[in-house]
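Shared between the two complexes below is subunit A, which pairs with subunit B and subunit C, respectively.
Up next is the complex of A and B:
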C-alpha cells in the first residue's frame, strides 16, 4: 500500500526515492565489505572509515606542528606546549578524542628493545597540554553553566592534560588579565558606540563587576547580529591569551569543514575579507610582545572533516557530547542565516562546503596590513575609514562641497554657535577608537539595523571595553610609534598645580 | 511628534530612511548624495577621459534607466565631455523585452542619445525562444549570459565606442562575490569587484553603480519619476543564483551594511600568485576572433552545439567529447561574424539618431 493509504494508487505514480549513494553498496575503499556510511555519495565500511578520518586529521595538522616552514621528516618537534580549545560541541569533542588517540596513547619510559609502541619516537609530541573551556552563560540569560559537565568529560583525559576553565566575563577582569601576563591599566575607559568615531572617555563607574561590564558591552551592540560576533571575538582572545600564558605553540580548534565554511562566509559577509586567511589558520602574539620570536599558531585540524563524519566518529566511539550554547544572533543573526543557508545548500549541492573552504584557501590579502586591530588582534587594513567615507556620504562638511539646496539652511543661532565654540575650547579634543580597529570590528560596533536600535542610544559613552583593548591602546599611546597620541587621563587640579609648581609664585600673605 | 529634520542638511524635513546608511534625510539630499557617490566612484577610478564615446547598456529595467539619467546628469554637471549612446540587446523572448525596449526608445528621445538595438537573432541566428525550445529551461541562462556579454561588446564595436557602462549595482556585485566563492570560480572571483574590466583588445566595461544599493536605485527612480519595466525573465530558473539572492536579502535585513561589507571583503582579497600562475592565458577564438581561454570561445561552442542539435556540448565535458567524436563541423555551419575590435572612435554602422 502506498503511504497515502490508498491501495488503488499505483506504486509507479510515486516519485522514485533518490539513491543515497552513486553505484554500489560495497565500501568504496576496500571493495569487500558492505558499507556502513555514505559520505558525499561515497560508501565506506566501519573499518575503512576510521583510518580515513585519522589520515585527514593528520594531514591537516602535522605539516603545521614544527615551527616556521620546517618539514616533519625529522619528526614532530613543536616549539612549545599544546592548548586545545574545548567548546563542548561535537567538533571539539572529536578533536579531543583524536588528539588523545593519535598523540598521547603511547606510554613513555621503560623502553628497552628495538622499536615498538614504547619507542621514544612515540613519546607525546607536546610536553604539556592544556584544555581550555570558556563558559558563556553570563552573557546569555537563561542558559545553564556547563563547566562541571565539561570538567567531567575532560577528566577522562586527565592523564595528559590540565583543565583551564574560563568565563566570558574574564575579558573584563583585571585579575584574569594579570594572570595571563597582562598589566592591568591604571584606570579604565569606556567608548561611545553612538558615534562613528567611537570616542573614548573615562569610565564613570570603576566598581562594575566583570559580569556587569560584559553585559553592558553586549547590550550596547547596535544590532542583534553584532552580539554573537562580539562573543566569538571575546572567546577567541581569551583562548589566545591563555595559550600564550601556558607557553603553547599551538592552539587547536575543533572547527569542522562545515563550521569552517559557515565561518568563512559569515566573516566575508561582515567585512572580514582581509583576514580570510586567518579565519582558517593564523599566527598570533599579544600586542605587548609583538616582534617576539614566540607566537601561537592557531590550527583547525578538523577542517577536512565534515559535521556528518564527526557525528559518526562520536557515535561509534561512544563519546559524550555535552553540547554548547550556540548563540548565533537569533533569526536576525548573520551566523544563523549563513548556517541555515550553507547547510541547506549542502543538501542540494553536496560539494559546496568543501568548495568554499578550498576557494578561500586560494585567497590572500591585497594590501600590506597597517598594524593590528586592538579589539580582535588580527591584521588591520589601511585606509578603511577613507573608503567608508568615499562610498557613503554621511556628512557634508567631510566632502568639501555642499549641495545647492544646502545654502538655504539657516545658520545655527548665534548663542548656539557661541556655546559650541566655548565647549570646544573648554574640552580637550577627544580621541576615538576607530583608527585602531579593523573594518569588521568597526562595522560590528557601529553598523546599525534599518529598524533602529534602542540599545545603542541608551548606552552613549558608557560601554566598557575588554581588558586587552585598553592595554593595546596604552601601547599605542606610549609606544612612540609616530601615530597620534591618546590622552585618556583627566588631570586633577592638584596634579596640574604640581606639574607647574616651580613656575608659580607664592601667594602673598593677606 | 514633530517632523524629523534631515540628518545631512539639518534644515529640510526628512522624507526617507537611506537604506545604505540608515540616516533619515530629505529628498534633495538623497539625490545629491546618490549622484555624488556615483561621481566619486567615477572620479576615484578614472573611468573616463574627455571625448570618450560611452555606450550605456540599456535594458529598460530600473538599473539601466537610472544609469542613463545619472550619466547624463553627471556628464553635464561635472563636464566629463562624454559622448553617450544607448545600447540595447534584444534576446528574442516574446513578451519579455517588448515593453522594456519601448522604455529604452523613450529614453532615447528624453535624453537625446543615439540608440542601437542588437538582437541575438541578428547576431547568432537564434532567439532565446528558439534556444529554449531546444535546450529546455534548465541551462538556458548559460546561453543567454554568454551571448549577451559578447553581443554587448559587438554592439559597442559597431557603435565605435571606447567604453560600455552597465547598471550592475552593489547587490549584484555582493551576490557575485558569494556565488563565485561557493562555486569555486577563482578567475571570476579575482575580477568581479573590479569597477572596470578590460581584456587585451576588448572594450572597457565599467560599473558606476558598484556601490549603489538596489533599493536606493528604485528610490531614486521613484522620486525622479523615471518609468521602467520590472519584468522577471520567464526563462530564468537559476536556482543556485536564486538561493544566493535570497540569502543576500536576508543578510541585508539583518544588517543593511552587509552588502557593502561583502564588496569590501571582495576588494580586500585577491587570488594568490601561485594560483594565478595555473590559470589559463587569454587568447582569441579561432573561429570568431573574440577573446577566449580555449581555441573556441564559449559563444562559438554553444552555437555549434545548437546548430548540430547537441545543445549540451557547451555545457558539459561529456557532451563536448561526444560532439568532437562525431567529427569536424560541416562547412555550412552557421557561425558568429568575425569580431573586429573598434579602431578609435568610428562607428562601423549607422545608429538611430536621437530625435532633435
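Up next is the complex of A and C:
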C-alpha cells in the first residue's frame, strides 16, 4: 500500500524503469547493425566493438611511448625494452592479448598489415619484452601456486616475450636483490612497529628464510587494510626493480578503468592523496640511481577500458583467464569495501566510474615532494610528521604541560627509549624509519584500528623490512662510508653566475 | 502433477571468469526448465509468468550452485560484476532479468571480478 493509503494508486506510484542504453538498439557507430553490447549507455555491435577498444588502448599508450614529451609524429621509439606485468587476472590477460595483436603480430605469425613482415614499418616497437608475474601464495595461506598455469598462458606469447616468474618473498631475498642489481647489505635491520618513530634495530635472527620474513612482515601489520596495501606495495616494487633490471623503459599494468577507480579511491582513503597522480602514471628509478637519465615509465593502457569491456573482449576472443587470488583483505578492509562500492556503482551508474578517474587526473599536490619514500619509492610529502602532529589527537608532550596524573611515574622520554633499544641490539644510534616514509606508508605501518590490532603484539617488535628499504636508508646516510652528500636547491641567476664566473668567457665587443 | 514435456524449454548455460568454480567446476550446463513458472519464485500457488532470466538465476542457485551463493546472487539478481550474455548479446539490451527464455537460448554468465 502506498503512503496515501490508496491501494489503487500502487501501480502509478512505481517509477518507469530506465533502460541502460540510449534510444535505439542499433549500433551507435555503424548505425546499421543491431547492437550486441552496452558500454556506458552507448550500444555497439560486435564488429564495431573491437576497433573501439583498440583505439582506446592506443590512445592511452602511444602518447607515452617516446621518452619525454616527444610527439607521436616522430614514430614510436621507446628508450628501452618493455616489461608487462601479468597478474593472471582479467585486465592483464586482455592487456597481453592487445599488446600481442597491436605491436607483435608479425612475431606471432598473425600479421596481415601492409608491407610484409620484414618491412621496417612492421618492426617491433620494443626490442625485448618481458612478461613478469608475482606469485603471492606464500603470503596467503590456503591459496594455490598458479605459476605453472600462468606459464602455460604466457607460452602463447613466447614468440616475442620472455617470462620472468617472481615470488612475493623475493622482496626479502638478498639473492633476488643481487640479481636485479642491488647491493645486499652486510647486515639486516628490523623495525619496531609498536613505536610511532619506527625505531630500527639490528635483526637478531639473520637465518630467516625469505618466506618467514615475508610472513613476519605481513603478520606485524596493524590492520586488515594494511595487509593488502603492503602486499600491493611489495608487488609494485618487485615489478619496478625487474623492469629496471631488464632495461625496460616501460612497465605496462593491466589496470582497467574499474580497477583504477578502485585503487584511486582506496589509495586516497588510506592517506595516498599526495601521490594520486602516481597512482595513474609515474616515472620511477631506483634510489641508488636517482638523478640518472634512465627511468621506468609505469603506464596503464587499459585505463579507459572498463571491466565489462575486458570481459567481453576476453569472451569473444576466447582468452583463458587463470584468475588471481583475492588479497584485498577481510570484508571490512578498505580495499574490499571500495571494490564492492565501485563495482555496484558501475552497474547502476556506469558513467560515474570514468568520472572518478577523470576527476583524479585533475588533482595535483599543493607542495613539491621532499624526496622519495624508502618503502614505496613514491614522492613523499614534506613535513609529514609535523602535519600529522597538528591534526592528530595524541598524548601530552613530555616537554610541555604534563597532566597531574602523569607526573608521578612518567614514561621514559622518547630519546631514552631509543637509547635502550639501540643498546639492547648493539645498534649504532640510528634514526627511526619514520622520517624516511611518506604519509601513506607511515599510516599503513602504524595506524591501529579502534577495534584492536590485527597483529599479535609479540610480532611487531622486530619486523623485517624489504631489501630495498635498507639500500634506501644507506643512501640517505651517505652510504655510511664518507661518501659525498648532495643537496639540491634552486639558485638565483646572480648566484649561479658567481659560482661559474671563472669559467665564463669575456664578452667580445661587436 | 508434472509439467508436460512440450511445456519445457532447453537452454545452454555457460559460466566463465571463475564462476564455473561455484558450479562443480563445469563451464557448460544443458538445462531443461518449465516454460511457465510462478510469478514469485517458489510460490506455486500464486500467479504464473513465462520463464525469464530472473527465474533462471534462482533455479541455478537452488539446483546447480555448490557453494558461496553470495558470489553469484545479490538482491534477487546476479551480483554486480557478473556480466550476462543472451545469445551473445548483453542482457542489458534484452531487458535484463525480464528477458523471456526461448527454446535453444544460450545464456552466459561471466565474472569480471578476477582483478586486473
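Heads up, the rule we're going with is that the second predicted complex is superposed on the first by the 411 of 510 C-alpha atoms of A that agree within 3 Å, B and C clash if a C-alpha of one lies under 4 Å from a C-alpha of the other, contacts with A are read in each partner's own complex, and residues count from 1 in each chain.
Please note the rule applied: a residue touches a chain if its C-beta (ideal position, glycine included) is under 8 Å from a C-beta of that chain, and two chains touch if they have at least 3 such contacts.
All values reported here derive from a predicted model rather than from experimental measurement.
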Three-chain arrangement built on subunit A, subunit B and subunit C clash or fit: fit
Touching partner for A:271 - first (subunit B), second (subunit C), both, neither: first
First, second, both or neither for A:368, with subunit B first and subunit C second: neither
Partner chain in contact with A:349 - subunit B first, subunit C second, else both or neither: first
Touched partner set for A:223, first subunit B, second subunit C, both or neither: first
First, second, both or neither for A:392, with subunit B first and subunit C second: first
Greater residue coverage of subunit A in the superposed arrangement, subunit B or subunit C: B
After fitting on chain A: smallest Cα gap, subunit B-subunit C, Å: 16
Intersection of subunit A interface sets (partners subunit B, subunit C): 344, 348
Contact footprint of subunit B on subunit A as seen in their complex: 223-226, 264-265, 267-274, 276, 329, 332-334, 337-338, 341, 344-345, 348-349, 352, 355-356, 358-360, 362-367, 381, 387, 390-396, 399, 403-406, 408-410, 439-440, 443, 447-450, 452
For the subunit C and subunit A complex, residues of the former touching the latter: 16-18, 80-81, 83, 85, 88-90, 92-93, 96, 108, 110-116
Sites on subunit A touched by subunit C in the complex: 19-21, 25, 35-38, 43, 46, 87, 89-92, 253-256, 258-259, 302, 307-308, 310-312, 314-315, 321, 323-324, 326, 340, 343-344, 346-348
Subunit A contact footprint on subunit B (complex, rising order): 8-12, 17, 19-23, 28-29, 32-33, 36-37, 40-41, 44, 177-178, 180-184, 186, 189, 211, 239-240, 243, 247, 250-251, 253-258, 260-262, 264-273, 275
